[in-house]
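Below are two complexes that have chain A in common, paired first with chain B and then with chain C.
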Partner chain A sequence: MDNPKASTLASAGKFLGPFLPAVVVFLVAMVWGTLASPFFLDIPVLLLHSGRYMEIGLLALAMTLVIIHGDIDLSVASNLAFSAAMLGLVYESGASIAVASVAAIAVGTTLGLFNGFLVTVVGLPSLVVTLGTLALYRGMAQIALGDQAVTGYPDGFVGADQNLVFELIPLPLTVFIVMAVLIGFLAHRTTFGFVSLMLGKNQVATMFSGLQPKMNRLIAFALSGAMAGFAAVLITARLGSTRSNLALGFELLVVTIVVLGGTDIFGGKGTIGGTVLALFAVIAVREALAIQNVNGQIQDAVIGLILVLTIAVPVAVSRLFGRVKVSRRKALLGLEKGTTQ
Partner chain B sequence: MRASMREGRSLARNLARFRDVGIGGIVVAVAIAFGAVNPLFFRPENLFAILLAVGIIVVLAVGQMLVIISRQIDLSIGSTLGVAAMVTAMVGRDFPDVPTIVLVAVAVGVGALLGAFNGFLVVGAKIPAIIATLGTLAIYRGLVFIVSNNIQVNPSEVPSGVTALARVSSVGIPPIVLIGVGVVLAGWYFTRKTMTGLRLYAVGSNPEAATARGLSPLKFQFWVFVVMGALAGLGGLLYIARYSTVNPADVGSGFELQVISAVVIGGTNIFGGSGSVVGVLMGVFLVGILANGLTVIGVSGFWQSAAYGAIIIIAVVVDTLVRRQMSSGGRKEKGELDG
Partner chain C sequence: MKRMKLGTKSPRSKFFALGASALVAVGLVGCATDASDSTDSAPAEPTTDSAEVLEIVYIPKNLGNPYFDNIVAGLQEAAPELNMTVEVVGPAQAGATDQIQYIDAAIQQQVDAILISPNDADALVPSLKRAMDAGIVVISVNSDMSAEGRDLAILPVDFTTLGDFLVELTAEVTDGAGDFAVLSATSTAPDQNVWIEGMRDVLAGGAYPDLNLVDVVYGDDAPDKSTNETNALLTRYPDLAAIVAPTTVGVAAAAQVLSASPLKGQVQVTGLGTPNEMRQYIKDGTVKAVALWDPKAQGILAAHLAAALINGTFTATPGASINVPGVGDRVVNDDTQVITGPPVTFTAENIDDFDF
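Presenting the complex of A and B:
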């Protein structure tokens, strides 16, 4: 027990634990892709391809915060679609693309605030609220655009995602990294982040702690909306056109990435670093499958399987090794003593 | 004190009943409004179309209600329906002489099997239902693709015995509707008249207390997923009957949201322990009438999703306010007693 080597090992294991599934998946996918095709391991190409996952990545960053709070935001993809629709309509009305982009981010933030308002002020369950706004915001995008597409965005804007920073990292990836650092700082180095974790662990206790948990949750939802706005700008620059069915079904992939990154779906535990790793794990899997011409539906199924295994395997392992089981049970009992009494 | 408790309980029961009646009222009001704008809404052909749509959704919604009562959720139902529909349609295509009842068994069996796998993931592998079924939502959709080899089953290949389910039978009512009615009645009987149904509520509203009373929440949680799967499989059969075409790319996709919405609008508590079949039936009708009515009165289809979302939110807001009124009333009563 006093062996310092063992304790550093244990603490390293504790630190790596939540990241382990994502890291393993990433490495396996990279090796597998490399074995499957000699063209797979081309770093600049992989980086360029990763650009199109960054909209999902941005949503996943804010979703991590929302889920750490013990909430969920299923409306992110619909929010993205409506924000993009507003970007298109504002631009069509004669405003500059910069103004239109700011408008999209403002709209996204507003819709996020509306979710947050219903959850924190009115006091509704976030699962139901955002299920409702998932339909509502998508519907608003459909009303705004009908079956028309907005096109004709300026040249420098469309294709901006192909720009490379330091001649290597595509612009969307750069935006993602900056956001990840900012949100990571917010989640792990500030009082805000501390309150988030407390809220997720024990909402009632946090309410009595003299902090302002409602504000905290509201901010998380607003941030989720803001990221949808940012993602709307990125996706418009990448595709060069806006339709109401943009990002359809993204919410499930976003939640999958967050959970794969070790965030507890019931809140109270999670890291931005884990989400970033999980995003790259998912990108690696999809690229490894895509280079072998595997159909998109199967790609989704593989990700779904990985999601299930990520949680099932640790449970199975801890059952197989009694020692872990005992210590776990002890921990659980201790926890139960703390919460139920 | 006993008396006041009994009073409180009957008050709660009355309010719950009032809620079902309330949604029923909204359904009727919405229907009358649509009819007033366009009398064609009340044409038999149109009501028939509504019933066909409602018949499929209600089968899934009753199952989802049971799942949610037990504190779980099943996001994979659209994909489960998809696999069941695809397998059944393929059996029908490749063995045209198979009697319809065998196809029913195939659909229900495939669904129950997939439901059991969900149940195993949740109960055996200890994965939270929302994540397990988020995973199987994608896995089962992949399964549709693999099973079908990405080839769709065309209307000409579907046995006439199955498509007959969506047509008016000798009784004057299409069998889809009768099956829907049957599932609703069975669900109502199970939740209101059987001991097992009562225990399901107990397990959902307080698993620890239920365990202390000798019930096994895990067993209930497993079986609600099996039942949900079987009903989704049945829904798959009805899907074939109604649409005739089974396309691997989109069969049953998005059903999970429609169904969960209807269940929530119907007053089922998303945190488990409460919900009524009558309320869910009303929720399904509201969703079905809205989808149909907006088209009939000439509102562009683009408004549908927004109306849908707005209704979910309004329903939940009203629900929560009523519930809060109820519980604060109870608290006051208790405070008086204590004083």
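Presenting the complex of A and C:
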């Protein structure tokens, strides 16, 4: 308090705390990749490669909101696949690619709303609902497309992911940044976001506070679906083809990134900024491993280890300093009792 | 710029500040090493070590599949005489898009050739086109893909005749009569789907009036899923005469289920399997016959074709021919494919002659 520098330092530390694991992982991976391969640190190439992860990134943004509420949406990847299937079928039926893309986003949002309806209006647990729709939406995609692929998308659309904004930032990354800013604003600068956090911390208390928590959760699920629709458009442009097995298993990668970004899996705590950082940390790790020809299984294992460590290390550290904290808390409690009585 | 202003105007907008500082950090790291990077790579490009040692990357469908290990063995056998280094990288799962990361990394490493067993006929095309634009030779090994995504395809066998061959094999083990089901790999595996279509065509032709294809199930080339699908087939079709698995993982899983089942001998298992995996089931009487080509020969052929294409001594145009030691003379067909050879049927009599 006497030393303003110390207090700003402390508040900076407090602010950075939840982001620290992702930042450390990102920096270590970048340095390590650079040392390991002369080909690694080519910023335009790395930015271009990041496009591959932006579908997961978009899903993770909305998933952060869903998880902050204390819910989960496991159906995102299946929703993406069905939205992409609809994009393909609408385009095949003769509509323009723009119309087909809008249709995909609309379909994704609708499927997200359906999840939200079952969770908030019917009152079913989101884990069960979206576990069901994970299978349902994937099955619908398979029925829609069968074993066939939709191909023959127009040239300007296929490879659109290689277009650069400001001659540096690839289109998928640009879309992601815009969405991150919008959803970040929603989560951290609006009443909606405030209610979200309260809801995750204590649902019962929030319901008695005269707010509209149901609406909040419904919007989060709809947003999750909308992101699946956007991701469907991005992935179709990137691959130039659509199959029903698109994005298989993406939901686990999405949840991993959200948790890695410091969002509490039980809700009530989390930031969009953390998710963004975690996404880039995962990209850096994967790219640093890929350039060294490290196989898929080992890459998955490394990401898994990082996830466990980022959760375990802070807990271990707080246990280590636990005694101090407990005694402090006791002192504080005693003080409060003293003042209220 | 607008974003920066927003960030500085509102002291509370930590979110923007964080994003901006992260960008700055990335930028700094980028600048710091951009300089050293360009001096590093400048001599690397013109010296072209690669003119002496050919660097090739092979990307199998997924790892831990013994079939692809044999292709690797063939590549490695041929590599020393061709002055070639072979890197093998691949995804954990055979998902449609899981191989793209490795294609991008190979382009970044400026390898001479990418050999790939594609998981999807279309989804890899944009990435592989970028590789070809960068002057990298791209060969699709073991199954074909959209021709615009590769220079050349190496097929293990004439796929157009494989449907006939599998039906013939099924007729052989079932004495030409009964219901049978197909246990395939993934539902989108391009090669398996062509073969199953071929089988349907042969059956529709009427040459085998007493053979009925009752179901096609997908074990995704995963042993546990293939085992479950086999058990499900046995429950669903009590009168099943045979399970035909045109994938090595599937046929081994089906044979393993039946070797421990009371239906052993009653329900036949056949399809495409490696001798080493199927030896015990052929010897214990679960399986009468399975077939396969020699994936190792495919690897040898792939290494020689890659080297010839890189060195410019061979072009991937229809009619071009090449002599490959240990394989023979091979000609590029009208679909710019090279076919390795005919399938080999393994029975109790000849299985000990093979080791792969």
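Assume the second predicted complex is superposed on the first by the 315 of 341 C-alpha atoms of A that agree within 3 Å, B and C clash if a C-alpha of one lies under 4 Å from a C-alpha of the other, contacts with A are read in each partner's own complex, and residues count from 1 in each chain.
As a working rule, contacts are C-beta pairs under 8 Å (C-beta built on N, C-alpha and C of every residue); 3 or more make two chains touch, one makes a residue touch a chain.
Since this is a predicted model, take the numbers as computed values, not measurements.
Look at chain A after the overlay: chain B and chain C clash there. In the superposition on chain A, contact is made by A:V45 with chain C only, not with chain B. In the overlay built on the shared chain, the residue A:G184 is in contact with chain C alone; chain B does not reach it. With both structures placed on the common chain, the touch criterion links A:N293 to chain C but leaves chain B unconnected. By the touch criterion defined above, A:I311 lies against chain B but remains apart from chain C after alignment on the C-alpha atoms of chain A. Comparing chain B with chain C, more residues of chain A are touched by C. Once the two complexes are laid over each other on the shared chain, residue contacts for A:T256 go to chain B alone; chain C is not touched. When the shared chain is aligned, chain B and chain C each come close enough to touch A:Q142. Contacts of A:P125 after superposition: chain B is touched, whereas chain C is not reached. With both structures placed on the common chain, the touch criterion links A:T133 to chain B but leaves chain C unconnected. With both structures placed on the common chain, the touch criterion links A:T151 to chain C but leaves chain B unconnected. Among 1-9, 55-63 or 163-171, the region of chain B with C-alpha atoms clashing against chain C is 163-171. Judged by the document's definition of touching, chain A residues 142, 147, 244, 295, 297, 300 lie at the interface with chain B and also at the interface with chain C. For chain A in complex with chain C, the residues that touch the partner chain are 15, 19, 23, 27, 30, 34, 37-43, 45, 49, 52, 142, 147, 149, 151, 158-159, 180-181, 184-185, 188-189, 235, 238-241, 243-249, 271-273, 276-277, 280, 286-287, 290-291, 293-297, 299-300.
Of all residues in chain C, those touching chain A in their complex are 3, 13-16, 18-19, 22, 25-26, 29-30, 33-34, 37, 40-41, 44, 57, 62-64, 87-93, 95-98, 100-102, 104-105, 108-110, 120-123, 125-126, 146, 186-188, 193.
Here chain A touches chain B in the complex through residues 118, 122-125, 127-129, 131-140, 142-143, 146-147, 244, 252, 255-256, 259, 265-266, 295, 297-298, 300-305, 307-308, 311-312, 315-316, 340, going by the rule given at the top. Of all residues in chain B, those touching chain A in their complex are 121, 125-128, 130-132, 134-146, 150, 208, 248-249, 257, 260-261, 264, 270-271, 300, 302-310, 312-313, 316-317, 320, 324.
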